[in-house]
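A, B, C and D are the chain letters, set down in written order, and residue numbers restart from 1 in every chain.
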Amino acid sequence: MDKKFMLNLLMKGDINIPALLIEHYHAIGLDEQECMILIQVHSFIIKGDDFPTFDDLAQRMTLDETACADMLRRLIQHGFLSIVQKTENQIYSEAYSLLPLWDKLLNYAYGKESEASEKESEK
Amino acid sequence: MDKKFMLNLLMKGDINIPALLIEHYHAIGLDEQECMILIQVHSFIIKGDDFPTFDDLAQRMTLDETACADMLRRLIQHGFLSIVQKTENQIYSEAYSLLPLWDKLLNYAYGKESEASEKESEK
Amino acid sequence: MDKKFMLNLLMKGDINIPALLIEHYHAIGLDEQECMILIQVHSFIIKGDDFPTFDDLAQRMTLDETACADMLRRLIQHGFLSIVQKTENQIYSEAYSLLPLWDKLLNYAYGKESEASEKESEK
Amino acid sequence: MDKKFMLNLLMKGDINIPALLIEHYHAIGLDEQECMILIQVHSFIIKGDDFPTFDDLAQRMTLDETACADMLRRLIQHGFLSIVQKTENQIYSEAYSLLPLWDKLLNYAYGKESEASEKESEK
């Protein structure tokens, strides 16, 4: 059993989260719960499940299903998340996309660096 | 400038977070703010700064310095975090250790798997 | 264009490789080419493609398709890799599994630690 | 012992390697041994040791110390690696920098994407 457990542990491994998100979620307008629900969505997407249910998310969070649904809707409205349509083998389905989030983070980081460069060159 | 920005982006990269933490923080008794402050501490440690200030943490979170200090104290009291003493080149210093957190997560995951195995063998 | 490039860069991100593999591939009997072909297989698996073609692998390596095929066969024979059968939606397919590799690495690391503990207790 | 071993396993975790390196090392002129020695240097750097010895590297590879030293020299000559001088607390030291490698990879990936865009717009 121990061996099997350790193998699972090794294969489960780490979840990669862009450093930009950890460092700047607050600066782009997210609080900890919102950031964490986006991290959860991200962790499902990278494991190959791009449309986790509200229940999947609620299982891991302090929020219940309704609160998860509300939060995701709000994040979509505020441009942190989108739902995209996919057609694969003629089967139509939906998927979450975090492209809007990465876009916001890039814009923020880029803006911050430009500002720093300008200050630098004013000296 | 763009090139420098992209190089920074590439070198900054991702932060590795054990999947166990993302999946089970709620099960071991943490809420999203507590989990996120521990992720922040983890992200400083893996970058080589094992004793970030309250201000370092507050900069990235919705919490102010006092709230960060309170939360860390509570996490230490409840056995999710510890402060260890180091002596390097005869200089004494303190560092956060997340060993208690990883220990709790391992115990939880191990307990869950043992349970599942028992159910399996009862069949 | 730059923006799109940076978004791709951010989303492509890092590939997670268990530290055990990087540190101990030589100790378990692999050379650099063999280790790298296994890293390639791993990188396809975690992106959701669990049966990359010889051509997919050869594209990224100094080896041609035939050499990739030979190397994979040899790795299977020596117990570093296996091919497993899957049935999904009544469609039968094959997939590479790196379970034998992780198993060998765990055994090696575990054996090394046991040895160290024994030496410790003999003192 | 098992518990301690598992904790080490969990804390050791994964090593993050930019996907660009895994996918394009051959395209920028590296073979598997050269790529692997750079991955080793990278893995030491991110653990906080930015100047591993030839012996540190040789321990993990099929190469001996002399071969490691030769390979690193060649990689520096060909612009994949550099040695930088640091002064910290008035102590002077040297460190490896992989900036030249990331720079080459970015240039390659950027060039490839520009090419693809041009072909696209010619249609």
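The rule we apply is simple: a residue touches a chain if its C-beta (ideal position, glycine included) is under 8 Å from a C-beta of that chain, and two chains touch if they have at least 3 such contacts.
In this text the structure is predicted, and so the values were computed from the model without any measurement.
Of the two chain pairs considered here, C-D and A-C, the higher C-beta contact count falls to C-D. When the contact pairs of B-D are matched by residue number against A-D, A-B or A-C, more than half turn up again in A-C.
Taking the mean of the C-alpha atoms as each chain's centre, chain A and chain C sit 27 Å apart.
Averaged C-alpha coordinates give centres for chain C and chain D that are 18 Å from one another.
Residue positions of chain D touching 2 or more other chains: 5-6, 9-10, 13-14, 16, 18, 20, 106, 110. In the complex of the two chains, the chain B residues touching chain A come out as 1, 4-5, 8-9, 12-20, 22-26, 31-33, 35-36, 39-40, 43, 60-62, 106, 109-110, 113-114, 117. Interface of chain B with chain C (complex): residues 2, 5-6, 9-10, 13-14, 16. By the touch rule above, chain B contacts chain D in their complex via residues 3, 6-7, 10-11, 13-14, 16, 18, 20, 46, 48, 99, 102-103, 105-106, 110.
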